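Letters A, B, C and D mark the chains in the order given here, with residues in each chain numbered from 1 onward.
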């Protein structure tokens, strides 16, 4: 951490700052210049709140040199994290494809869709039971019943299930779920993150609509600092000024996150674009970018879906997409996992 | 709602769409043109999910004419909502000023600050007990103990207290709080919103960092549709590309929300700017814009604050600001309430 | 400027960097730490391209301590710049109001409007002759003829005229114009800025749709570094994700710019909001924020305007707004100038 | 175009609107509902300014059904446009790679780099002679001399040259250039676009930092409506809140533009990311997305580049990247063109 002092800072203020920094057990290095003095901090600065430093009277500005996250930081954990999901490995050199409907609607719908996505090559099943909807008048999900239907679909297909938690109070419903998803709107629901950190269940953490990559990693750190290292990051599009797509998929996030962290990375082209015809090209780009998993919305009857129909693929479209995903993933050297 | 049909849509598809629309008890009006046909919907369309319509095969695009919120809509409730907070009225023609530290830190800190802000003319006390912090290594708030300290400060000063809830599981701690604040990161924590909707406690709902005004109103609708009409909206800056301020304060939100809703509106210039020297000018602009309340961070010793020191005013700065707020609020015709 | 070196940087690379820095006549101060070394630069660093430093092999990151602009910097020019426009002063403690139609359309329109805005208290006349329109099929302005009509309107009303230049090749048409406006889309048309810098005509420089305040100041610097110090900055709304208004007016830009620069500041609430009913409240907020001038669109018949009718005030609405602007500007201590 | 009328609109106002619409030779279709009336417009509505409609007293809101661009619209030109650049075809089923330094600096630099990029498989040479720099104190390019050096490099390597025009007044310098580039900051420099539209030289039009895809297409329309159909679009990253990359590359723009227009599409991963290590992964993603050309910055000595060194590849890095680009482009079915 580099602290630039104000030109007119008083000796006493600087002394107070140095004393205050002492509590963090970092060594400090004061450099005196003609126009302004600088303090260099050496040691573990993750505990130091950069805004608290900024508030000191004698501070002009502050800059971190080291990242404020440790558990998620590749510098301290050079090897990729591999997460075991009911025997499948996310981050282990094979591509996983998580597919299924936005919402679980009926037994027939989820089972038909589950069988179809498995046949096409998907390796995990997604489906929303608790649904975060902008309007209170929209379908809010089947809740616990939805999770029971997912479990039924898992029995039939063998696909591990991924489903979203919206509130800590529902945690019990997720005991038999394979991967707990934290949605974009909850990326900074810190109470929820900490609770998930105290379990050992894999957590798929989606980037918030306007969250920086560093904030995403800090949210992962919330989970990891409580003990649970099984965190999967997910890029799902960010909010920009462009109205033609629901969000803007930030694919540079994939290689950038791979530099900064050892955690596996998923891409969700369905929510990122909101348009079915863009899902396949963006899924293929994500494979090229080197993601460890894709999350794709598939519905047995999109035009009658209770939510997100406009971005859902039909089983036939998904099967076409999967052929290309399979071929490209092999070409790129991270082949699609076998879904047996 | 106006539905534009695709050029090549088949009669059968359109018939299916019309049948599907029947369930919402709206009347439909099919207009045939040369290039494209249009369906006009008349009646209460709030129950209709615009994305479900968009997913129908024959639909080119859809446009709402009416807003998707009812309880919060000024069209159906022309008079301003006035919310009673321990005898003070928010939205009743007097300006309220909610002031206090970002976090409650110690008994001395909160009580000193509470006395100081009251003396300067503040009409309510704010202070964070449960703190949403980006880093798990930053101070997370005193929790229940912080609320107890706020209650003590209220006893001494008589100021009603406003404090943030981060999770449903903490709801019991807020029984004796006057206004429950929902922070920007929780604006779309729908489970929490619904639970607060089942109480009758005033809720101060902050706009999310990248939430549109319509999404803010839909979140208010979540609370109101459960029964609780005591919702206070808060503009606190949105996330943009500009790095010079923490956020960008969207003051046009104030008159725009006043056109669209009957709910009272608060402005938080402290979080909006993140810079103490900008708090006063933005507070005064907010008064000019016609807000019903201001929320301002004041700390008895900002340079040693445990959080957000850089944006906190000292009691002396706040007293200066309040003189100007008082004078301007009178000039603008919505005078500062008396804090006796 | 603070340069943080990479952990593993080689002595030779650092030596090369120090030699390269020598050409800028700054003194360098190398501080060796345990984890990373830091170079502090002292002297005038405006000539140093921060990206060129970033590209050096041994550099981890770089941070400016001083602003990269000199002429526009308040540090070096503490007193406010006052710009004389045909006898009126912008930045001299009186508020100027520049009003008129988006486009000059006909003699009758511009003269009727000019008389009306003068009567209401405006102190300058605006009107577009060269119009930057998103579509090539929209009205592109009357060009030279439009400027002639403005000059006619000036003869009748005595109001100085402000009009936009779109391209260097039209510069001759602006010889008899009082203030040359550079629109948001041309804020980084550097060739144009330099050419305007070689004249002494006042330039009203509008902030680009997605330009940071520092970029705005660097564009002012382009003009000033060529000699012309008569630059007026204009905040006119930035592009964000919010669809309810055309742009988001960033009013914190006003006090922030006043801290950073000595140049006068205009606010354009018409383009910022795009909605006539928001122009008055935002104009009043801008006065409260301390702007030196307002630029407001007024049309004698907005519903038949050839451009931007939805955000134009009628003469009657403008007269109402001006009454409030006058009263508020006096209250705030920077009274509306007298338009005689 | 669908025009929704206000509830309380008067018959006379609606009649005036209908009369006004008559001038555009579209047929109108008035539909009367219970709550609001709707006018459907049929015919060519590109000439109608949507904002002019919005300004009419009786109009609640307006929505375009058809795109406001014609020449660039795939609906009216289903076949891909193929642009001939000195014998090479952009958009003709082969991938072109435009490589070279940000700025032309010296004869040695541009010729060394040109030979290196050709050897690695690039099919065109880029290099900036007129440079749009944020700071007036940064290197502004060699101007005409830079173009002469590019022409020399073309003589030696046979690579067609692509270079940026900053102002109409420099147009003569571009007579012997193969492709004229319009930079992001000039995307809405409409005077320049129209002038380029009157030549037949290929124009590479870069998307503005905060321009929507529709605005990009409207700028292409400016060029095309003057006669020049040789427009190449370029996605080069948009400005968002994310600070980790210089811009956010919007790859969904590629398939989306391919749906909307017949014009070829280039991707510039260098400016999009600003970080050399992200250029290769994003270049490969762009190939997967189906772009027709890549534009990549390569410098013979990035650490001493006069501009943009941090995002430039070395010739060795570029050669590595090109091996992968070549293989992937063949796999995806749009193989890299042969550069003989």
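As a working rule, contacts are C-beta pairs under 8 Å (C-beta built on N, C-alpha and C of every residue); 3 or more make two chains touch, one makes a residue touch a chain.
The structure presented is a predicted model; accordingly, all values stated were derived computationally and were not measured.
For the pair subunit A and subunit B, the fraction of shared interface numbers is greater than half, so the two copies use mostly the same residues to meet. The chain pair B-D and the chain pair B-C differ in C-beta contact count, and the higher one is B-C.
Subunit A and subunit B have CA centres that are 27 Å apart.
Chain centres here are Cα averages; for subunit B and subunit D they lie 40 Å apart. Once the centre of each chain is set as its mean CA position, subunit B and subunit C turn out to be 32 Å apart.
Among the residues of subunit D, those in touch with two or more other chains are 210, 239-241, 243.
Interface residues of subunit B facing subunit C in the complex, by the touch rule stated above, are 210, 212-214, 238, 240-245, 248-252, 254-256, 259, 272-273, 275, 277-278, 281-282, 284-285, 287-290, 328, 331. Subunit D makes touch with subunit B in their complex at residues 2, 4, 27, 29, 31, 33-36, 38, 40, 42, 60-61, 63, 65-66, 210, 239-241, 243.
Subunit C makes touch with subunit D in their complex at residues 20, 46-47, 49, 51-52, 54-57, 68-69, 130, 132-140, 166-170, 185-186, 188-192, 194, 209-210, 215, 218, 221-222, 225-226, 239, 302-310, 312.
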